[in-house]
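Given below, in the form of structure tokens, are the structures.
Both complexes shown next keep chain A, but they swap its partner, so chain B is in the first and chain C is in the second.
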Partner chain A sequence: MSVATLDNLSIHYETPLRTVTAVDQVSLVVEPGQCLGLVGESGSGKSTIGLALQGLLTKDTTARATGHLTVGDRVLSPTDNSSWEGIRGSKVTTVFQDPMTSLDPTMTIGHMLGRVTRSSQDSLRWLEEVEIRSPRTVLKAYPHQLSGGMRQRVMIALALARRPALLIADEPTTALDVGVQAQILKLLTRERDSLGCGVLFITHDLGVARAMCDDIAVMRNGRVIERGTSDRIFDAPSEPYTQRLIASRLTLNVERAIPLGMPESSVIASMGEALRERGLDADSVTERWERRELTWTEFAPPTSVAQTPALTLRGVSKAFRSGSMFGAKKQVLNDVDLIVAHGQSVALVGESGSGKSTILRIAAGLERADAGEVSVAGSIGSGVQVVFQDAGISLTPWLTVSQLLMERLANAPQTRHLDQAAHTASARLALERVALDPSVLSARASQLSGGQKQRVAIARAIVVPPTVLLCDEPTSALDVSVASIVLNLLNLLRHELGMSILFVTHDLAAARIIADRVDIISNGRIIESVPAEDIRAVESEYGRRLLDAVLA
Partner chain B sequence: MLFLRELTPAEDTALVPATPRPRRHFTIGEAIALFTLGGLIVLAIVGPLIAWYSPIVPSGVPFLPPGSSGHLLGTDNLGFDIGTRVVFGLRISLFAAVTVTVISAIAGMILGTIAAFVGGWLDSVLMRVTDLFLAFPATIVAMAIAASLGASLSSSMIGIAVVWWPMYARLTRGEVRRVINSPHVEAARMSGTRGVRLLVKHVLPSVVPTVLVTASLDVGAVVLTLASLSFIGLGTPAPAPELGLMASAGMQYILSAWWIAVVPGVAIALVALAFNYVGDGLRTVLRAKGF
Partner chain C sequence: MVRFAIDRTVSAVVVLFVLLLLIFTVSRAGGADPVRGYLGANASAEAVAAARERLGLDQPLFVQFGQYLTGLTQGDLGLSLSTRRPVSEELAQRIPATAELALWAIVFALILAVVFAGAYSLRGKVAAVIRFVLFSAASAPAFLLATAGVLLLFAQLGWLPASGRTSYGPSDGMTGLYVLDGILAGNPAYAWDAFQHVLLPALAAAIGPGVAIARVLADGISGSLKSGYAQTARSLGESESTIVRRHALRNASSPALTLLGVQIGMMLSSLVVVEQIFSWNGLGQYLTSAISAADLNAVAAISLVLGGLYILINTLVDIVLAIVDPRVRLT
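Here is the complex of A and B:
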């Protein structure tokens, strides 16, 4: 018998203005011992299904549901609280994305586990089960004393100790470093096999879904548009949307010299413009992209750029004081040397806490190095520009796109003396370059989607082309299809404008697309430097770990 | 339009469906408070023009209860018309309270912003001075200042303003320090905006609403403090129609002629309450709008 079924389930939210359909006639079955992957981009309705199956929609007075939902032999209503007694938190348990917010900060791990297992012996056994080293110490620890990976293991122990029939894993590895991610997935698979529970695995990451799941359901706009075994979905996707998702996925096998994924109309417009400006043939861009004949080098200016350093960091060190005024200093950067040549693109890859973002902030002048020197070739003011990780909060919320771009133009020494009309023309050109319609000029950040915000942030950075563009994980907060647009645009701009790029990321696959050279950083030191085309040739152990973590 | 794309059905709510949408409008209670406040302000402005009694000339028999013909809210122990005096008193109280609040808010904001933006020793000096003021009980200091300047409306206003600004300095400093480290200010720095322009364009627009809300909540408190200073004889001297003074003078007749103290008292309460409700509503609405 199946552990959970959804039969023609629809979920609407009643808002004052209109009724929003989050889930539209979805039917799914999870069998015991099976892992079903629910894959979709943000807003596809996958998380709403997760909430409905946990009985958490009952708190939301705006939710209306039709259709049936069963867990085991119980028929449940997603919106009626009384029916979930004895199901929620016992037959169905969950591993959430962020264990820090779902573990009680006032309780020790032992206390939390003890409430489920009723004996410290069993608690200890569960911690051993999820492969926590020194479980006796962890029992006495509070959540904030553990690392992200450890917390997620505790979360899994808590979810499994109730011996659920259905385990819901809602993006359980998204917040974790790549190395830890692989271990957690392995653990989840092993536990599912030993307990025989069904798993509903909710994720936006196709690679993770393939590694984890037997079957995959692809969701879009509240509907399941395609379902099948993982291998079938990957090898022979039938829906164009699924094909696009798979095509825009980054692996180490993706061709670097040509645009990513399938032709994207918005990027094509910018490409055509770039070629036309140079008097080249711009009409066949779509066909040539499709035939994989369009290469990035076509967009480069005919004159080659000199291989002189554009950005130089020499012997840079930095320590931060941790915690209170008297806390010990933590060395974040140790004698780092880094050179980015004119027109070159370098990726700095490492896990969180490796110091990669600090290098970028020092290069940007947002942070001062304790020792060492930083120099940027070219005139000051246009030297470096930054694209931040979260574009949403890097755009001043009460200013319009036009005001943000104009501000940059009015400040930069190259454009300061120009008149209003020239500024407006430059702003429009910059938006065109990042494939945005000029109508966004009057919009504020809150009116734009995530991908649009990131493109506005890029437009602001390149409206006066900088010598070096510093990118701080600009795609990690974006959906895959949007991320590939941003990566394509960065590559296009880089060739078109002849900029250097310093690209900070934790993702080797993304680094390989953008960069000519990949520098691997660990514990504040650059430990290895490899050409992007030979990324598989990394030698350091740490580099190999990062490589393995790119689930291909 | 291309950019203002309709959110896909799920996108709108799917991320946090269990959280109700933030309220973007005043509740009915807050709307009523807003109308009451508006009415009181209009009354304070036009009331004296249309009043047919003088506030400082007896106009009838003393101790007439409310509802007497010609004296809707009654007369006091000297035969003054209480309604007329309350209207004049509102004018004085509202004017004084708003002036004191605006002056202390602006002074506090300027000092707090300078402290947060310049930092270093200037920050330390400004904040220690602020702490010094905050260390004394506000009303006592205001009383002392008002008393030393001699009982008058302006001396009680000065007294209150002197103890009121440090709160705004603290509040503003904290807010500026919070906003100045946020990514959008860093991004603005990267695009070359510095100094006062950075403050005015990228920092203060998010600080001002907070101060505005606090100030609107404070006007009520200032009205009460002004009234209490007059009540103990440190504000406007009699027979000026000041609400606190009227309540104070009426206290000795509270058992025989309750309305002499209660009517101005209710007016004080109404003003304070209305400002509080409106400030609360303002806070909710501004927060929902992303400030």
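Here is the complex of A and C:
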């Protein structure tokens, strides 16, 4: 008998203004021991299905549901709380996305596990089961004393300790470092095999879905548009949307010299504009992209490359004090040398805590180095500009896009003296370059999608072209198809404007696409530096580990 | 944990010393001449000079400060120039009165905070009216609430007394807190009478802080209920009331406790006014008369007691915070 079924399930949210359909007539079956992947981009309805299967939609008074839902032999209502007693937390449990927030900071791990297992021996056994080293110490620890990976293991122990029939894994590895990600997936697979529970694996990451799932259902706009075995979906996707998703996926085999994925109309418009400006043929861009004949070098200006480096860091060290004024100092950067030549793009790759973001912040002048030299050549632009990971919080919420761009133009030394009309023209040009319609000029950040916000952040950074564009994981919070648009745009801008780029990321595949050179950083030191085309030739053990972690 | 407590205590002592220095400097550098206040406006210049010398006021400031510190360690706070008795004696009489009032006010503020936080979390029209009333009450200064309380509960209804600490006369109990003394002495009638006396002034001082803390507590609880760990608890089958009790309250109490420390400080200053209205013979009344008489020793001593109390309470709050939130103590 199947562990869970959805039969023609629809879920609407009724807001005072309109009714939003989150899930549209979805039917799914999860069998015991099966891992079913629910893959889709944000807003596809995959998380709503996860909530419905735990009976957690009952909290939301605006949710309305039709259709049927069963767990085991019980027929349940997604919106009636009373029917979920004895199901939620025993037959169905969940591993959530962010282990940093999903554990109560005021409870010890032992206390939390004890509430589920009711005995400290069992708690200890479960910590051993999820491969936590020194479990006795961890039982007495609080969540903030554990690493992200450890916390997610604890979360898995909590979810499995009741021996559920259905485990919902809601993006369980998205917030983790790539190395840890692989271990957690392995652990989940092993536990599924030993407990024989069904797993509903919700993710936006096709690579993870392929590594983890037997079957995959692809969701878009609340509907399941395609389903099949993992291999079938990957090798012979039938829906154009699925094809596009798979094409925009980053692997180490993707061609670097040409645009990523399938032709995207908004990017093509910007490309055409760039070529026209140079008096080149702009008509056949789409066809040439499709025929894989369009190369990035076509967009580069015919000027010679300057000899001086755009960004130089020499012997840079930095330590941070932890906790209060009297806390111990922790060395974050150790004698780092980094040179980015004019027009060059360098990726800095490492896991969280490696010091990569600190280098970026020092280069941006947001942080001061304890020792060493930092210099930026300011010949063609105004030094440096930064694009952060989370555009949602880097855009001032009460300013319109137009105000954000105008503010930058009014303050930059190169454009300060220009009149309003010139500023408006520059703002429009910047939006065009990041493939946004001028209609977003009057919008505020809250009215834009994640991809649009990130493109506005890039537009703000390049509206006065900087010498070096500093990017801090600008694509890691974005859906795959949107991420490929942003990467394509960054590549286009870099060639078109002759900017240098310092691209900080944990993802070697993205680094390889955007950079000429990849520097690998670990524990505050740059341990290896390889040309992007030879990324597979990394020699350091740490570099190899990062390479293995790119699932594909 | 012990180390944390020691850390906090050491820094509290440092702050206290700085406070002492500040109070001393400000009181001596002020324009008022304490000797004139002491001897009267018609005293001869010789008499003033003699008194100045006798009181040590002719010495350089830092010597005076040294003498003041030495005296302080021996419990000698100087002579109260307005009452011509040692300041320490005056304080010994009045500190219990203010302490009793302040303690009850803190207890009421905490009770009100939890009750009001519940009222804030309710939905619907009735709750909106309650919120409006609470918000208005919290915006009113303590003296207004005190006066209104006197008019309604004493003058109109006659339910509660409106002045003094007791109807029977001072307690001879050891704590000087009349309600406690009454209970310890096995005299419930005395304790009940003292409680009735303290009820109005304590409530007048407690409502403002109570509502302020309630808002923060209610916000914290509703934020906690939306958090990842609340969702985890739900997914593990815990009921909503368990989640509030076991997870939300504790996580929401950190900001509320921080605010409590600040609010108690403000409450101490509002007690000065409240004591006036209720003829409560405590530090507040003493401070008012000392200021008007340029009685610098008394002003300095009262500031020191109130400031020290504030530092003590905030140090306690920090330590309680560390007990409640392991992230504070284990970093």
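Simple rule for what comes next: the second predicted complex is superposed on the first by the 547 of 552 C-alpha atoms of A that agree within 3 Å, B and C clash if a C-alpha of one lies under 4 Å from a C-alpha of the other, contacts with A are read in each partner's own complex, and residues count from 1 in each chain.
Everything that follows uses one rule, which is that a contact is a pair of C-beta atoms (placed from the backbone, for glycine too) under 8 Å apart; a residue touches a chain by one contact, two chains touch by 3 or more.
Because the structure is a prediction, the values reported are computed rather than measured.
Contacts of A:Thr106 after superposition on the shared chain: chain C is touched, whereas chain B is not.
In the superposition on chain A, A:Trp296 contacts neither chain B nor chain C. When the two structures are aligned on the shared chain, A:Tyr13 is found in touch with chain B, with no touch to chain C. Of the two partner chains, neither chain B nor chain C is touched by A:Tyr241. Legend: residue contacts after superposition of the two complexes on their common chain; A:Gln145 is shown touching chain C, with no touch to chain B.
When both complexes are overlaid on chain A, the residue A:Leu56 reaches chain B and chain C alike. Measured by the number of chain A residues touched, the leading partner among chain B and chain C is B. Of the two partner chains placed by superposition, only chain C is touched by A:Ser90; chain B is not. Chain A residues 56, 59 lie at the interface with chain B in one structure and with chain C in the other. Against chain A, in their complex, chain B makes its touches with residues 1-5, 7-15, 17-18, 20-21, 182-193, 201-202, 205-206, 290-291. The residues of chain A lying in touch with chain B in their complex are 13, 15-16, 20-24, 42-45, 47-48, 51, 56-57, 59-63, 221-222, 364, 366, 381, 384-386, 388, 390, 393-399, 404, 407-408, 411-412, 436-437, 439-440, 443, 446-449, 452, 457, 460-461.
Contact residues on chain C toward chain A in their complex (touch as defined above): 7, 227-229, 231-238, 247, 250-251, 324-327, 330-331. Of all residues in chain A, those touching chain C in their complex are 54, 56, 59, 88-90, 92-94, 96, 98, 100-108, 115-116, 142, 144-145, 155, 158-159, 162, 322-324, 326-327.
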